[in-house]
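We call the chains A, B, C, D and E, going by the order they appear; numbering starts again at 1 in every chain.
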Amino acid sequence: MWTWFHRLASPPSFYQFSEIVSPWVLLSALGLLGYGLFAGLWMAPPDYQQGDAFRIIYVHVPAAALSLSLYTGMAVAGIIALIWRMKLAESAIAALAPVGASFTALALLTGMLWGKPMWGAWWKWDARLTSELVLLFLYLGIIGLNSAFVDRRAAARACALLAIVGAVNVPIVKYSVDWWNSLHQASTILKFGKPTITPEMGIPLYISLAGSYLLAGYAVLRRMQNELLLRERRANWVSKLLSEQKQP
Amino acid sequence: MYLLSAIAVDVARGDRALLEGISFSVAAGDLLHIKGRNGAGKSSLIEVLVGLRRPQRGRVEGLQSQQMHWVGHRNALQPDLTLAENLRSWCSLQKLKTANVSDALEHLGLRALRHRPARTLSMGQKRRAALARLLISPRPLWILDEPLSGLDTQGTLLLGKLMNAHLADQGGIVVTSHQPLPGRIARVSVLDLA
Amino acid sequence: MISVIQHLAREFRVAARHKTEWLMPLLFFAMVTVLFALGSKPGDPRLAEMAPSVLWVGALLAALLTLDRLFRGDLDDGWLEQVFVAPGAPTTYALAKMLSHWLLTGLPLVLLAMPLGLLLGMKAGQGMNALLIGLLLGTPILSLLGGFAAALTVGLPRAGLLLPILVLPILSPVVIFGSGAVRAANAGLDSSGPIYFLAALLTLGLTLLPWVASVALRNAFD
Amino acid sequence: MISVIQHLAREFRVAARHKTEWLMPLLFFAMVTVLFALGSKPGDPRLAEMAPSVLWVGALLAALLTLDRLFRGDLDDGWLEQVFVAPGAPTTYALAKMLSHWLLTGLPLVLLAMPLGLLLGMKAGQGMNALLIGLLLGTPILSLLGGFAAALTVGLPRAGLLLPILVLPILSPVVIFGSGAVRAANAGLDSSGPIYFLAALLTLGLTLLPWVASVALRNAFD
Amino acid sequence: MYLLSAIAVDVARGDRALLEGISFSVAAGDLLHIKGRNGAGKSSLIEVLVGLRRPQRGRVEGLQSQQMHWVGHRNALQPDLTLAENLRSWCSLQKLKTANVSDALEHLGLRALRHRPARTLSMGQKRRAALARLLISPRPLWILDEPLSGLDTQGTLLLGKLMNAHLADQGGIVVTSHQPLPGRIARVSVLDLA
């Protein structure tokens, strides 16, 4: 098990691995998302309060959930990168940041779109909304820091440290709704125990949730590949790879 | 018994490989003169020796950096602190007694300047201040990167004397210099990176 | 411990050389608040109610002004290298740096906050206490976090602007709880909750950040 | 004129080394606004009324963040000496420095002020226009004055307290008139008075400050 | 016909008098070697010659600073700009054509480094970059402050050749150096400030 893990952890073999895996990830992502969104946007019954406006949920919740999970993932990758100085984890940080940033932006956008009909305003200085906005700034900060360095390893390690320290913000975003009396509704779906949402609304949501996780995974894998090529451009496995691609 | 030895050391800057398979050892009474054209990698190698930079491959054995005196390209003088203050705060950093500070300054002819802020010193005066550290406390190994740059003839001869004295009482020296070293030194070995 | 003090001594000597360095933030803080006072008509009740957030943000941003230079000078003149080859742990150096920043910038700001609060029409009492205690806990957190960010960006050309972007998001909880405490106190509610949270955050930062910062500084060398 | 552009080209090349450089002041400005909002009670209507001052202070801060280092680097690496032995007039160099600071920091801030104002609940209309025009005139004044201040600190390291006492009083009327104009406009009054004052101040500064700054810089050498 | 002459020049730093009654003149084809211990006042004098600092008394006559090349202790390289960019922006500052920049770099063996940010250069490489300015445009008078500091032997010899060539076509040179000057130079006069 460990040996297998170690072999996978070396850049070239990981590159090959994701070269094989990522198409399938993409495929299943599109499949699930397609079904989930279709089921959500057409088949699911309109909400008894919100009418059809609620259907944004099928984009909003996955995006929001990802905005948090991806950051957590980045912090974890950071810890690994710092302790074991693992190239793979280092490239993962650089790959996760932009993806996470875009999902956060999406959550904000869909949230605002949803807020207009629900709360009668695009934006309210509400705990969760604001903390999510702050999360976006965190992502942008990491992207900025990463691009400020010339040496990729130094950049990765700096970003790792920042990501870890910045992780204090994640629980605040997640539980803001419970700690402050927020406009934003409390967790009903993404919480342990019995979710309180009717199946015909819930099932599609979970499916599109899974789909978007896979999609994010695909994006991250691809970005990691790029990052690895960039860092290892002087290594011979890269030059071999390129020459192979030149042949046909 | 060696003071310091490098074993098959590779050095890189960023992703550029600089040196490969560098091996040497410095015994008590030895002086190792590292030569090489500009950009050969002397300073980078020295930063590896003092433990500031990790070698790409290979390892460095021997004394800890607490037993070395290192004078790099930069003089580590805070421009707004006076000469004396600079050396004293260096002492406390190195956990050394500050008793010898004024003697050291005296020895390098900086006595009159000891209350001047470092920013108001001439190039060579700053260099002398950096070298004054060698005299504050005896340590077996000196690692000097271009110590002669900016020194006048008197200063160069003085450094030659100091190095000889240090070698005489069983010290070791690793030094990079483009100019020939002053004074007649008994046991010199040269490492040419060119 | 001793070495922390020795590092501190050096910092203070340098600071004593140019006094403007640490006066700038104070004057800036004062200017921001005065501006707000001038910004609305005399005796406007709204001002007093906005006061906590004004003072909190003013103080934090003022403290930020001097942070980006925390390690830069030491890097340029080669002192940082000396720290890393010296016997003592670099963590104590980082801690001393952060501490000096708080003593030279954060603490004076806290002391200035009270008169400025009165200027903005805050009443001495529960609210004011909550504000001062909050700042007393919040400013060191800023010095720690900011010091860490400064360490991250020390090698970089223009840390000046990158740094606040790194600090402020992580800092936002401090602002939320800090001014939250004041509002709670003003409303006659118990403000100890947020205060305890700040204290917890501070202890956490004190234990971790100096070390993390030293790791970040090491990063400047390889 | 041409040489101003050549100086500018250099500044921009340096800035371009940092891909995200131009983004940072914007992010900082945004963060300041968010912090103010965070500090006050969620969904507080008073926020909109405080918005002009908030935005002005934010802009002032973002501008100040990079200013103090404007000439320091050129002094340290010896470029400043080269400027003074070169054929062209040092005034053009100082002007270019200030201009580059405005183009890289001030202008982006003005552009961002509008969306942030809306975010804080300001209505598009007279008030917003007054804000934008005010900032458009005010930010270059900041760059000029701040540049002059930076030149002073480089020129006379012993400037001591002189600097902040010199700059802040001149700076604050800018901000006061700037946000004053907005309040006037919001109140439906004529806001052209303060605007004209700012314009006058800007022209004055533009004609004098670059030259004064170059004189101050000269001091670094004897 | 003199390129530059100093007439009874006094130099002071702050309120400290350094040099008094310095007089000399440099004709076409002459090299003036300024010597003196650390802190004698060489750099200060040179800053007077290039017009950066006013003499306390006396005056300096001859060419304007537009007709000199001056290389001081500091290299005037912006750390974030590449070598080529640094030299080019210096050209535009000096109102010179940038055509020769790459040749100049080539000549000093910096061609491969021209796209590197200056901060990533070694000490000697930076010094070479500063000296490359001499070759960008021909100017009658060169004023060099410790040009050899940090240069390797090859670089030292190279500079010797360049100086001789410059003197050969009727240029003048004022140089401070603690080390003996490289190459055999015909018409040297020495000014010793000690």
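FYI, a residue touches a chain if its C-beta (ideal position, glycine included) is under 8 Å from a C-beta of that chain, and two chains touch if they have at least 3 such contacts.
Being a predicted model, the structure only gives us computed values, none of them experimental.
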item: Chains in simultaneous contact with chain B and chain D; value: A, C, E
item: Most extensive contact between chains (C-beta pair count); value: C-D
item: Maximum centroid distance from chain D, chain identifier (CA atoms); value: B
item: Chain whose mean Cα position lies farthest from chain C; value: E
item: Rounded Å distance, chain A centre to chain E centre (Cα mean); value: 57
item: Euclidean distance of C-alpha centroids - chain C vs chain D, Å; value: 24
item: Interchain centroid distance [CA atoms averaged], chain B/chain E, Å; value: 28
item: Between chain E and chain D, distance of the C-alpha-averaged centres to the nearest whole Å; value: 38
item: Two or more partner chains touched - positions in chain E; value: 73, 79-80, 117, 120
item: Junction residues of chain A, two or more chains touched; value: 127, 130, 134, 137, 140-141, 144, 148, 150
item: Residue numbers of chain C (touch at least two other chains); value: 18, 156-157, 162, 165, 168-169, 172, 176, 222
item: Complex contact set, residues of chain E against chain B; value: 13-14, 36-39, 43, 73, 113, 120-125, 127-128, 146, 149-156, 178-179
item: Residue numbers on chain D that touch chain E, as the complex places them; value: 3, 6-7, 9-10, 13-14, 17, 73-74, 77-79, 81-88, 221-222
item: Parts of chain A lying in touch with chain B, wherever the complex brings them together; value: 150-152, 231, 234
item: Contact footprint of chain C on chain B as seen in their complex; value: 47, 50-54, 65-66, 68, 70, 72-81, 85, 89-90, 92-95, 117
item: Residue ranges of chain A touching chain D (in the complex, touch as defined); value: 123-127, 130, 133-134, 137, 140-141, 143-144, 147-148, 180, 182-183
